[in-house]
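Read through the structures below before going on.
Two complexes follow with subunit A in common, the first pairing it with subunit B and the second with subunit C.
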Partner chain A sequence: MLSLELLLIQIINGLFIGFVFTLVALGLSIVMGLLGVVNFAHGALYMLGAYVGYTLICLLSQNYVLGFISVVFACAGAGLIIFLAIVKPLKSKGRPPLDFLIALIGVNMIMEESIKSIWGAEPKYLPIPQIFSGQIAFGSLLLPKYQLCIIAISSVVLLLIYYFFYKTDVGIRSLASVEDPETASLQGVNLTRLGLLIFVIGAAVAGAGGILIGPIFSVTPTMGIEVLGLIFVIVIFGGLGSLEGTFLASILICEIRSLGSIFLPETLAEMLVYCLLLLILITRPRGIKGYAGILE
Partner chain B sequence: MSGTHAIILSLFLCFLFTIPLFGTRFFTYTITCALIWGILVMAYDLICGYTGIVSLGHSVLYGMGAYSVGILSVMILKVTNPLILILSAIALGAFLGLILGFLCSFSRGVYALLVSFAFAQIFWLFVMADPLHITNGESGITGLRPPPLNLGGFTLDLFRGNGLYYLVLIVFLISYTLIRMITNSQFGFILKGIKENEDRLRSLGYDTRQYKMLAFTLSGIFSAIAGVLTAFLENAISPGIVHWITGAQILLMEILGGQGTLIGPVIGSFLVTFLKFWSGENWVYYLASLYILVVMFLPRGLWGVLQDLLAKLRK
Partner chain C sequence: MSEILLELKDVHVYYGSAHILQGVSLYIKEGEVVALLGRNGVGKTTTLRSIMSLTPPKKGSVIFRGKDVTKLPPHLHVRLGLSLCPEGRRIFQGLTVMQNLKVPLSGTNRKELLKLVFQIFPELYERKNQYAGSLSGGEQQMLAIARAIMCNPKLLLLDEPMEGLSLLMVRRVLKCLEEIRERGIGILFTSCTPRDALAISERAYILEKGKIVFEGTKHKLQESSEILQKYLGVV
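Showing the complex of A and B:
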């Protein structure tokens, strides 16, 4: 029986997961548009965020704020290493986008295996911070506090990102370069350096997404792979390098999954999402925005 | 083919045919695995190396080939005739290949890869969710091996141990010959043309989409055969075989060995299989590092490097 309460709970669930996935997808989307780098290790960065967060919060200190900040820096560092070791050398050789993708699958393998050997294969549980545990009552409706808190924190991060891309010089330059990388580089924009910056920011924000979602899902060595597929759907659906598009796509897709799982088993609801991706790519073979771009 | 080539090839064939006589059981098992992967990666080479479409969806063609054995022999119908199992797997592989080819033929490059990625995810979720009650969900299917053949009083067991090894070896050699014939035919040259410059071929009047679909269909047939052999070898299958990670492993072997050469992919599959079984528990690190190094520094793969070395030696 479909009650209003269940519906609302699922809408909230879809919403907060949508906010987190926007964080994870944004960096990927802009780097894909800017450099043609399809980062298959992006899911691993998100997973790294969750694991580093787990270690800092559960094993070292109980300080969530400190944990959050350290995660952001740790993932930014990992992103920096990946970029300097893999992406930059390949870019300077002028290799096609598929080569980046293939090399990054290798990076994903290494990261996943290291995480397995450092933290073990069994799932870890990150507790919900004390002040955010429990529920808030809206009339007869009980909403979990932590989910609302995730929405609030992600909104703040998203606003910062929005400010960066629309109000600062570097941000505007990078969005312009996504529109037309060739002209931008003719105008003196150093695409690789810009790419480095966006890649590192993307990695940091993905890690932040990982630690935010950690207390809700368990932290497992397969969480990166599981999220990667959805992130690609979001990026393609939202259009490469589009902030608003990615946000809307993320909310839409997570709502489809969340509301779909009321009526269908969860796996079938997820299948719907991938069918949607197929449908988009068949009707618009270059994604929603439809540039030929650097990805062909 | 020059004289030295013929000698090396026949020595190698002699080695392959005599392995069960001197090798341990585990060694024979490793080679069997490597040969099955070899068939699969050669089939993949037709798409990736020759036509230039990087797909992660071959795990579906391969995995559903294996699943078709499980579905027919265990879940419904209880078919045990190996010929029927293989033929139905081939039909399924060709059909799925055609569909994947159709879906991938709309877009190019990374977009085509994402199409195949979504295709693999859909089938993996289908196998996991099991809405039709044919795949047994997460636990997979066991007991796939057909009983030994009974040929008028004397039994021939081609589905385990050394018997399976020879079956796999013969299928491998036939597949190699057939795929080599495909790539050397006019059709094969058109596929290479698609990789080099698809727009030019289109302007010359070739309907490249149809060629891509046919290539995928052919590739699907060989992939499904590899799937059936895996089902016989392992006697069990689980949904992981359909996941795009398996597709990424196929891609990895292809890239390690060298694309578009048929020999390279076989080298890649042997290398990966041996690393996996013989280099201890850290094999993923070795493999992934080797893989990244090859992508970065040897775009033509290990076979490309070998060819260059041989050419230098001849001078």
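Showing the complex of A and C:
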């Protein structure tokens, strides 16, 4: 029989994964909306975040705060290199979207193989910080501390992202550029420079997602590509370039997977998500909060 | 005598193999209001787009304030003082009125520009926190012009600013354009209807099949009933 405790734990599970996947999906969504580039290497940045975090925390410093900050900078740096070496040259030559896709799949493969040669192919385990291990009691209900901590940290990061996009001039220009890049360029917006900034922020936030999720799932060289399919579903479902849409889609999809796994075999719960994607592609290709014109 | 602000010299533009602009030459002096008239599909929008390098000319040049801007990317035109208000308004519907006005790179005098646009368009101040997508057609047109002013232009390019507006709103927009001209900003605008366009312009050009077929003062055009009838269908 379904207990309230199981239901609540699954809701918390869906929620924390939803928050982390929002972080990962946001960068992909904004970059796709702004530059029209499908960043297939985005999952690799998430994976890089987990590996850099593992190295710093398990092998070097044991300091989670320092590890988190270092991961953000390392992944921002990796994003900067990918943009300058791949995206910008292809963009300035006016190459078609397929060229970007192939080049970024290549980057993903290079990063995966490099990680295998440095850290090996076997899974690594990033421990939960001592302070957040165990459970917290709400009456008779015991909830995992670390998952709640992830929700809190992700919320802070998301609030910062929200502030950046809606309250700063650069953020407002980014949203305008996602909606109509040509008109934004007519307002003096340098789309390449803005694209670089968003690409780097997206990479940093994806890396942050990687280190946050590391202690829950094992850290493997394929964790990026494994999660990418679901991230694409979230991005399309939420609408390209929409912050609110990405957040809502991520929470909804992760809850469907989490709660669905109580009632259905795991593969069927997963299938349900893809059925939902199919439904939204047929009925509303722009996603729940996306702009018409990008996909319609 | 005022100096030439913008000059197009023998501009040719192609869409694929279609030769859209076939040697367009025109000029606008500082603070002048010039109308670019012609029926639909004769190349008016393409002329404005080619000035901003959105459809770069294959041949010919665009000179702005003495500088060749033919190959400059659009965002750099804005920094030199050229601003285009595109056809169909193309305001950012997902942003508020105020956020729309914050998109342009206004430089250091944003506060003064904001004050200016709210003086010209007080309706926008009342709706500054409203989403742009929820404004009426006329208000959206005002916002599009206001946003172009926020670029701090020396020359404002307006593509069909009166299109699809009620008579009342056309008068309102014309009044706003008068106010913009009084502040020394030059205006080049396109229109299919000469009556409204000639109400505020000093000179006019007529485009026909990608070529300039008339150039002169508005009085000269008003007196040329044959030209008005032949190229603009005015009886």
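Before moving on, here are some points about what is shown:
The rule we apply is simple: the second predicted complex is superposed on the first by the 283 of 296 C-alpha atoms of A that agree within 3 Å, B and C clash if a C-alpha of one lies under 4 Å from a C-alpha of the other, contacts with A are read in each partner's own complex, and residues count from 1 in each chain.
Note that a contact is a pair of C-beta atoms (placed from the backbone, for glycine too) under 8 Å apart; a residue touches a chain by one contact, two chains touch by 3 or more.
Note that the structure is predicted; figures quoted are calculated from it, not measured.
When the two structures are aligned on the shared chain, A:103 is found in touch with subunit B, with no touch to subunit C. When the two complexes are superposed, the chain touching more residues of subunit A, out of subunit B and subunit C, is B. By the touch criterion defined above, A:153 lies against neither subunit B nor subunit C after alignment on the C-alpha atoms of chain A. Of the two partner chains placed by superposition, only subunit C is touched by A:183; subunit B is not. No residue of subunit A touches both subunit B in one complex and subunit C in the other. Residues 52, 54, 73-75, 78-79, 83-84, 86, 90, 92-95, 99-100, 102-105, 147, 150-151 of subunit C are the ones touching subunit A in the complex. Partner subunit A is touched in their complex by these residues of subunit B: 54, 103, 106-111, 113-115, 117-119, 121-122, 125-126, 128-129, 131, 244-245, 248, 251-252, 255, 284-285, 287-289, 291-292, 295-296, 299. Across the complex, subunit B is touched by residues 32, 36, 38, 86, 89-90, 95-99, 101-103, 105-107, 109-110, 113, 225, 229, 232-233, 236, 265, 267-268, 270-271, 274-275, 277-278, 281-282, 285-287, 295-296 of subunit A.
Put simply, subunit A touches subunit C in their complex at residues 166, 169, 172-173, 175-176, 179-180, 182-191, 291.
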